[in-house]
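Listed next: structures, encoded as structure tokens.
Common to both upcoming complexes is chain A, partnered first by chain B, then by chain C.
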Partner chain A sequence: MRNQLKRLASAIGTHGFLIIFVLISLFPVYLMFVTSLKSQAELIQNVFALPHDAKWDNYPLIVIQRGYYRAVINSLLFAGSVTIITIALSLLAAYAFAVFDFVGRQLLFVLVLVGLMVSEVSILIPVYQLLKSANLLNTFVGLVLPQIALGLSFGIFLMTTFFREVPKDLVDAARLDGCTDLQLLMKVMIPVGLPAISALAVIEFLWTWNSFFLPLVIATKQELMPLAVSIIDFMGRFTFNYELVATTCVIMFVPILILYILTQRSFRRGVTMGAVK
Partner chain B sequence: MIDARGRLGPYLFLAPAILYLGIWIYYPIAKNFYLSFLGSDSTRTGDYYFVGLENYRKLLSDDLFHRALLHNLAWVGLSIVIPVVIGLVLAVLLVGRRGRLFYAAVFFLPVTVAPIMAAIVWGWIYNPTFGALNQLLDIIGLSGLSQPWLGDTGTALVAVNMIGSWGYYGFCALIFLAGLQSIDPEIYEAARIDGANSFQSFWSITLPLLRPTLMFVIVYTIIGSMKFFDIIYVATKGGPDNSTQIVAVYMFDLFIRQGEVTYAAAMSMVLTAIILLMSLVVIRNVMRRA
Partner chain C sequence: MKQAAESVSIRGVEKSFGRTKVLKGVDLAIEREEFVILLGPSGCGKTTLLRIVAGLERAEAGEIWISDRRVDPLEPKERNVAMVFQSYALYPHMNVFNNQSFSLRLRHTPKDEIRARVHQAAKTLGLEQLLERYPRELSGGQRQRVSMGRAIVRSPKVFLFDEPLSNLDAQLRVHMRGEIKELHHHLNTTSIYVTHDQVEAMTMGDRIVVMNGGIIEQIGSPLEVFDKPKNRFVAGFVGSPAMNFIDGELATNGSRLVLRVPGQAPVPLGEAGTRRTSGPATIGIRPHHLRIVGDGPLRGTVKDVQPTGVETILLCRWADSEILIQTTDRVLVSAGEDINVSADPADIHLFDSETGERLDA
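On to the complex of A and B.
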């Protein structure tokens, strides 16, 4: 009896703790959504409540009249291109690391791993100067090129880890059938590696979509700004117009939310593969 | 394994990625290192000349830089005490439990929220006039604790770290969960038969076996705490009165607003050195397992 009570108490305690963190995780997201639908007066009255009279007209106002559709398109193109190019470069390099044994393999792999840790802060000044001298500041190409480098090492590392697990027999069999390296990569490794590739794709897309530091410096023209920079630019002009700022945030978050719900397994795989393997 | 003698194959496959990293990572780091030894009379003209260690000497006597670096270190401490520990506790509670994937998915949701967005929304939560935090304190009868969380030099750094922690514990939980699931349950069974209670088995089984994962998370947290920027830039810009100033924001300000290019380069070099040093730990671990 006492044991049962103890177990019940511990179960309640555990679930209570978990539920508190569910609430903490969700509340700011909830707040963002409801704030976008409330008037200023209602917001100050009660921040927690659902809006009495949801003001949906903020959305067309922001997206069309304020020209936010452009930032959405910029972000899609930006994150999309960075993701695709990163995956292509990662696949080629990972194939070399996983399948071949060659002079300098260890050293080159260490070089790649170093890139895993390096951040925008370490490269900001030279990258800015490089883009400036190539006349690439405030261009789409200038936005995409350095951003790829920030995720490339992660991509190579993730794909190498995965390709190493591909059974050697499969590789040997394909070789006996007369596959060239490129065919082996395209017809064997990529199909087998699809789970890892999709994990890499969603994580890379998320990172780029949410990235702020380099775009803030490179894209100072409004026509070119991705959503993250655009929101901060917008906030600078409308700081106290909370419902409009919230609306821009929701517009930036909804595509990620949809992506996350649809590809949770891939997210989980991508995050844990690098760490635990 | 295919023999590499005389074969170009692997190098051809590697060339695009390595060249790419060369242009956008290795060259900038080298250039940054070089710039940190230069100086100029006028910050705008870009006529640089060699000044040796002058910029580094300046760093030694720059009080604001010291404060900023100290805040970065405080951020390391706070991030290990709060999100890493929370993530570990959540993972331990979740492992083997029904519905763990649902919980983990919810805890990971904040990780997908852009840091700039987290900074904006938490800015409202902390807001002194309509902020949810002060209203919550009112409701539970602790209105005496109400304050402008981000506007007070005493609370700003911790308050802003909470924003970062919110976007990080779910990441830690997910990694710990994966680490815990790779531990053989039979070990726990054996310990239970030997009469170990759950605290004992956590201390003498879980923690030692989780060591590599724990190591990874801690090193990753330190590196992340050195280079983070977005949340501070959006939430406080280093203020009030520099109480949340960090190296990345200070360096950004020197470079973009004040045009102190070479001094900013020296500053970012210090961060890079710390990050590279920490990376060595990770790389040694990875190579040992590779």
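On to the complex of A and C.
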């Protein structure tokens, strides 16, 4: 009896804590969503409550009338290609670091790790200069390249760590079975590393999707501008269209949600990998 | 699936990892269709030697020949050698069928043939019901079989086994031992089998190769190695419980050779037909060769009695020496009693105390 009560109390405690935690985490999302459904006038009178009269027009207004479908496409292309290229390059580099023994491997790997410490903001100006002299400002290539470079350190680091965990016997068995180096990568390492790869894909996509500073500086033309940057359109010097910013944020939020749901299972496995065998 | 077996010849192989020399010149000729056991303590270089034969590791010196082909410059896949790993090393993302057919698919073998070969191997190993399963859905014994099946379907010229049974429980190990042996006869391949299990070594191999510290100590049939160990290391390593060693001085008593052991009566060693008749020497007596008799030359105190049902093991001690006695008689002694033991001179091995080399023929 005593024990049961104790267990009940602890269950209530844990769940209560989790519920509060979820509410706190979800509150900004809620606020963002309801704000996107309000008119400017209503927003001023009533910030937190549900809208009296949901104003769905904000969505078509932004996406179609103001032509932001363009920015959505830009963002998808931008994040998509950065993700794919970063993963492809990370896999190749990580495979070499983890499986081959070559001169300077340690040193190179340390250099890769140093890349983890480089912040986006600190290299903004040099990158700008570099792209300018290469005539890559306001081009898709110029937008994508630095983003890949910034993400590569983490990608290589994550995949190398994972590939090193692949049992040596497995690699040897594949060699004896007749795999070439490329076949070993494609048919054994990548399938085995899928949880880590999908984790990396989600992280890389999110990060690029939300990336702000680099695109802000590099892609000033409307045709190239990703969604995250286009939000500043609503932040004038004297006015600030909260409801339109919120609408754009919701639009930005949707693909992330979809991506997370799609990869949720292997992502969770990836995040906790190594914790359990 | 049958294929003419090939001989394997390992010539002067040396290998170092960093500054440690792991193999110090290994020579070994293996006949076609032979089942050779590599036996030795942990870290003596068994796995390394196997990996060099497979091509997974490069030796600094020496050659590997498979029949009349020198293979050490070749890639693993060009050697047509299959290996069964201690960890099984199954591909976790492939089901049993795909695990077994992987090597054939890499070689673009026709689909029908792949199917036929995998099913044949599955039948031999009793895996037919499991072809759709993934490794994580298999028991240890089943995984072991799949990894053997993966080796069989390729119909390799040489089979390498690296302690394939060490992860199985005792019962399954006995069963698989029989199966591997049967498989070997059935397939007529040449096999090199690494183990540090005494029983596996004695029961499975045509020949045993005893390794220690990167060199081969002795090569011979299981009984040869057991009955005529070439040196003290082999004598002590092969056989369980291990051989007893007693140090003393050689001396002659008329035409008979004896060993003088401090604090004991001289131990008779038979006719003086050995290379030496004086100086320090070590005798080795297997525990089951020692008998408890009232007038035995060695006298000690029983420290422990371990009846196992079939046999009884006694631990007996004098001064700072300790010996094991193994007997199938139901002995009526208990700890603390003094006993006398003796052994038939024919069952006593004689070794040089310094070099460890065998002294008697």
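Quick note on the criterion: the second predicted complex is superposed on the first by the 234 of 277 C-alpha atoms of A that agree within 3 Å, B and C clash if a C-alpha of one lies under 4 Å from a C-alpha of the other, contacts with A are read in each partner's own complex, and residues count from 1 in each chain.
Note that a contact is a pair of C-beta atoms (placed from the backbone, for glycine too) under 8 Å apart; a residue touches a chain by one contact, two chains touch by 3 or more.
This one's a predicted model, so the numbers in the text were calculated from it and none came from an experiment.
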Contacts of A:178 with chain B and chain C, given as first, second, both or neither: second
Touching partner for A:108 - first (chain B), second (chain C), both, neither: first
Per-residue contact with chain A, leading partner among chain C and chain B: B
Touched partner set for A:188, first chain B, second chain C, both or neither: second
Chain B versus chain C as contact partner of A:145, first or second or both or neither: first
Touching partner for A:29 - first (chain B), second (chain C), both, neither: first
First (chain B), second (chain C), both or neither touched by A:59: neither
Which superposed partner A:14 touches (first chain B, second chain C, both, neither): first
Touched partner set for A:96, first chain B, second chain C, both or neither: first
Chain A residues touching chain C - in the complex, by the definition given at the top: 167, 169-170, 172-179, 183, 187-188, 191-192, 194
Contacting residues of chain A [partner chain B, same complex]: 14, 17-18, 21-22, 24-29, 31-32, 35, 43-44, 47-48, 89-90, 92-93, 95-97, 99-103, 105-106, 108-130, 145-146, 148-149, 152-153, 156, 181, 206, 209-210, 212-213, 217, 228, 231-232, 235, 242, 245-246, 249, 252-253, 256-257, 260, 264, 267-268, 271-272, 275-277
Chain A contact footprint on chain B (complex, rising order): 1-4, 7, 9-11, 13-14, 16-18, 20-21, 23-29, 31-32, 35, 86, 89-90, 93-94, 103-110, 112-118, 120-122, 124-125, 129-132, 135, 166, 169-171, 174-175, 177-179, 182, 213, 216-217, 220, 223, 226-227, 229-230, 233-234, 247-248, 251-252, 255-256, 261, 264-265, 268, 271-272, 275-276, 278-279, 282-283, 286-287, 289-290
Touching residues (chain side chain C, partner chain A) in the complex: 51, 54-56, 75-77, 81-83, 85-89, 91-93, 102-103, 106-107, 150, 154
